[in-house]
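Take a look at these structures.
One chain, chain A, links the two complexes that follow: it is found with chain B in the first and with chain C in the second.
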Partner chain A sequence: MQEPCDIRFSAVRKTFGAQTVIPSLDLEVRSGERLVLLGPSGCGKSTIMRLIAGLEQPVSGTIAMGGQIVNGLDASERNVSMVFQNYALYPHMTVFDNMAFSLKLRKVAKAEITRRIQEAAEKLELGSLLQRKPRELSGGQRQRVALGRAIVQQSSYFLLDEPLSNLDAQLRTNARNDLVELHKSYPRTMVYVTHDQVEAMTIGQRIAVLRQGELQQIGSPEDIYMRPANRFVAAFMGNPPMNIVPVTVGDQQVMFADGGELALPESVLSSLKRCGEQHVLLGIRPEALELWEGDRTVVKPFPPSIAIRGEFIRSEYLGAVVIHHIAVGQHRLLVSSAAPVQFKPHSNVTLTASCEHLHFFEAAGAEQRIPLTVQHLKPKNQPEQVLVMSGR
Partner chain B sequence: MKKGNALLLLAVIPFGTFVVLFLLVPVISMIWGSFQTDGGGAFTIAQYKEVLSNPYYFQAFQNSVLISFLSSAIGIIAAVFAAYAITRTPKHVRERLLVITNLTSNFAGIPLAFAFIVLLGNSGVFTLLCKQLGIDLGSFQLYSWTGLTLIYVYFQLPLAVMLLYPIYYGIQEQWKEAAELLGATSTIFWLRIGLPVLLPGIAGTFSILFANAMGAYASAYALTGSTYNLVPIRIGALVSGDIFARPELGSALAVLLGMTLVAALLLNEWLTRKIRRNLS
Partner chain C sequence: MRRMNPSHISFVLVLTYLFLPVAATLIYSLATEWNKTVLPEGLTLKWFAELFRDFPFLQALGRSFLLSGLTTVAALIVMVPAIFVIVVYAPRLERWVQTLVMMTYAVPGVIMAVGLLRTYSGTGIPMILVTAGAYVVGLLPFIYQGTRNSLRTIHAASLMEAAELLGASRGRAFVKIIVPNIMPGILVAGLLSFSILFGEFVLVNMLVGGRFETLQIYLYAKLSKSGHIASAITVTYFLFMAIISGLAVKFSRGNKATRKEAAS
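After this line comes the complex of A and B, so read on.
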């Protein structure tokens, strides 16, 4: 059963002077979920978080939290805790005083303050650091103090604005995991802002991808990655990024700008023809491509596959994966594999991929995804499909 | 010696010469002179004995410390608000305000005293205007202690603003936002977070203002002549000589003035370090 909506943006518009940051946003955050706002710098994700926190007010539209419209309500009245990018710890206060600050202001009893802080400190492994000043802590410890300060408030909403961006790579991996565990212990509605897709994929139960203040797609990490709603989401998610090549839809195949052709199964072609677009964008993730030496025409029979002939340029060894650069006509495709290859530069290679992993997008306008129907079963009395693209 | 280092040393020579000729030599000569008998020629501590035992000079120190402390305190309180207000203005307004502040911070001495006389003197523009409009200025007299304090505050204020303005940028915007979310009002934020963070800067600025006022001569002299007994005016009188000059006694006074300033700076340094340690 779907969780009830806890935060709802309805036609929210936000401008700073003449600059429109959010043109009109409709967004729902479910109760108790971890929603990640993901997008490049300047896409408005931090502004959305600040609108939730009450640090900014919308120009128009409504924001509802827990069923109540909160437009115009002060930040202190929204029952929100926030962890800032630079943690915003007060340098002249100890860890204890930083964590106790809001509780003292709310006149919580001393014993209760101590109890809450000790409980949070235990959870965050800050027990021995309570009398230290922020300058005496490492980046990771400061981040945990900021989390602790947010936790002890026992607010209904937990907002995190790129809290891991100041940590080194090793610490960040651990911190991601800690955050997820922490959310299990304190199951509040959590909105997390980041521009890092790995953080988004690992922390978010759902991800909202934003671009120029507009919501591009919202869904589970799998949805976003496997079924990107448009070219922007497809290119933004994934490292190395998705290969995207403009093609023209023909009768039996799609044609590349430089004359190369790629034969496609009838079911896929029918889907493309149905959408009525002649010029489309073909997307294939680097890990969906398999790399073979020489010319290869027979590929995996089912599900239907494609084969693309190209020229091996070079490989980049990254440890866990190897990225291969393949020239296909005037295009350069990236292929990732677990193992290195020993191909000579400029040798002939074949790339194969299951049609399930092909993505097509409109070449104009919003560059929306074109839904495909891929026939998985082998048609009776028909030979195995050999679908070859000649790019050389 | 490396060629680069030799060139650097060469570049420093003019500055070094300047410091030696116009700072070290006068200071040494002043200290030397303070231990000389009138007219020079023999070592003595009589000049110090006279300064420390003569109530007239003691009063000069008292007055100087009092007016310096008062004008610095008023100046710093006003500047704390003024500098903050400047940080909140749009960039183009802020830049113009800073230029004006910078200009006024350099407007001191005789021109400043003259400007005050023209505006608020017995026949000053505002004084006559107020009389014409029937506004009673009460017992205000420019040539009084109040007038002198006013002129001191005037030249202290822009300097304090110039020195305090940058320290506001040490207050992170996110501290304010975090405080807001944690339930603090603006007043609570400034009392519990803003002010403690600004304190070392305020203390440092106060000591500079105090030293600035202790050494001020021209403004006070141009406004009140020798009516008010202040240390720099006494030194000036002894060195240039109203009736007859006593530069050795003036040197002893100057050495004691210098020691007062050094003591104030050391006290401030100690306080600042203590506050910084608590803050960091």
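After this line comes the complex of A and C, so read on.
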């Protein structure tokens, strides 16, 4: 049975003139969940939100909300609240009047209006600001007023279009937590648009990653980060970004373009061979790599690991994390660690990683993820530790 | 003493350029005689007294006020909603509006007057209405510019979208949200339009002339008769415009204060 407040896009297409923004989108937002639409600018995420709100209409396909098809329904008929990126507060009205606007239109009793506004104001710490005009408020306060105006409507759907993008970094961290807490108090179906992956990871129960109007992957933050569906998602999620290197699949190893080789466990290699692609992309997240001084040949036997020899270039100290630049042949890999290292520039280093943390993607077409099988038990006739590539 | 820097000097020069003619006109309107001397021979209010005793002057003032005021109000009522719709919902049409704006400058007053006379004389339509109609078209650039800028400043499109999501119809959102926020812009556009029409001479003189004597036509008639009276008219006109400007500013502020009180 369908849940009461879900949103379902079926083959939705949206164009603006000759420009196709969303070619054909199937998407489901579950009732009561926090779904984040994430993608670079121009990926169509705001258009999707506006389609949900009724501010845009699809060219074809259907949008259903709570089981009812809402194509053609105006914004005012969709039981939706929205917080805009620029908040869209009414400059000539006080905070109270801004929040009361929708309730007055619906002829809600005065006492009820006051009650709802005071309740929301208390939750959002706006109690002392109710008689101020928006121009007399700070950015953070305005954002909370916009939230308050949306909350008092008591709509079933709550849409937020990059509501934190105008706040400074410190305020944003607090606002992210406040939003999650707020959703617990007002558990409605919430769709949140952002291009900021940290916001997406912290706010979303599920994340939908979009590119050029097409859904790349939808899943929990962990799913998206640990098992990216394709190269785009892998590269988009994570800071510093995932190291992605083109390799050619050989009998016992994969070869880098500049001649270096990387031996892989049989289970991984057979996964690669099964997919039939000779040229693939190897991805390793910077935090999955460990950095060792000199040419190291012995690494942990279990789980199966790889080791890559390279040349230390430099480190960037960012406080909580240090990012190291390592040259491996013609490629530059990034490694992140908690502690700084004292390596000399151009000294020899070894990078190691567990095979569980290797990602392989098709090198052509949609650059889809190639599923790997990594055996955790030590296989017979296989070296304890798998070595080694170097383009040095 | 602080030395004056070049910006101060240029500021003083601009002020002198602007106020010297006004001051000279004011002094001339108060002078008994000012022909062969550096300063006026004596000061008097008799020219003003004479002017305000002259009934045709008061009538001309009233006609100018009526023609300019009603035309401005009509132009605002027609154009502001139209410009709003174009800016917010059909921005592609802005190109055409801009072309129209340019075209209003392209036709000189004399040519427009001749054209209107040829087209409308003998049709039975009163020429004063034709004049008012031509004025409305002529106000397009001022009202368009002021309204469009105000709409852009307040991000009218997202305010409208927010209002729709909050349950307001488009008409209601326009009246309740957009108009109050662009009111200062509308007032400035209205004031500018009013003062331009109040000082307009060519069109009204050619189309209706003595049949509807406005302040400018009256002034023109008096120019040849008495420089002192003409100066008194100019000073009165200047003061009248200053009072209207002051009222508009006061009204704009009062409007905000009223809303603030109503809200608290």
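As a working rule, the second predicted complex is superposed on the first by the 382 of 392 C-alpha atoms of A that agree within 3 Å, B and C clash if a C-alpha of one lies under 4 Å from a C-alpha of the other, contacts with A are read in each partner's own complex, and residues count from 1 in each chain.
Here, a contact is a pair of C-beta atoms (placed from the backbone, for glycine too) under 8 Å apart; a residue touches a chain by one contact, two chains touch by 3 or more.
None of these values were measured; they are calculated from a predicted model.
Look at chain A after the overlay: chain B and chain C clash there. By the touch criterion defined above, A:135 lies against chain B but remains apart from chain C after alignment on the C-alpha atoms of chain A. In the overlay built on the shared chain, the residue A:328 is in contact with neither chain B nor chain C. Of the two partner chains placed by the overlay, neither chain B nor chain C lies in contact with A:160.
By the document's definition of touching, of the two partners only chain C reaches A:94; chain B does not. Of the two partner chains placed around the shared chain by superposition, neither chain B nor chain C is touched by A:355.
In the superposed pair of complexes, A:203 makes contact with neither chain B nor chain C. Of the two partner chains placed around the shared chain by superposition, neither chain B nor chain C is touched by A:234.
Overlap of the chain B and chain C contact sets on chain A: residues 53-55, 74-76, 80-82, 84, 86, 88, 90-92, 101-102, 105-106, 133, 149, 153.
Per the touch definition, chain C reaches chain A in the complex via residues 154-155, 158-159, 161-169, 172, 177, 180-181, 256, 259-260, 263-264.
The touching residues of chain B, when paired with chain A in their complex, are 172, 174-175, 177-184, 188, 192-193, 196-197, 278-280. Contacts from chain A toward chain B in the complex involve residues 53-55, 74-76, 80-82, 84-86, 88, 90-92, 101-102, 105-106, 133, 135, 149, 153. Taken in their complex, chain A has these residues touching chain C: 53-55, 74-76, 80-82, 84, 86, 88, 90-94, 96-97, 101-102, 105-106, 131, 133, 149, 153.
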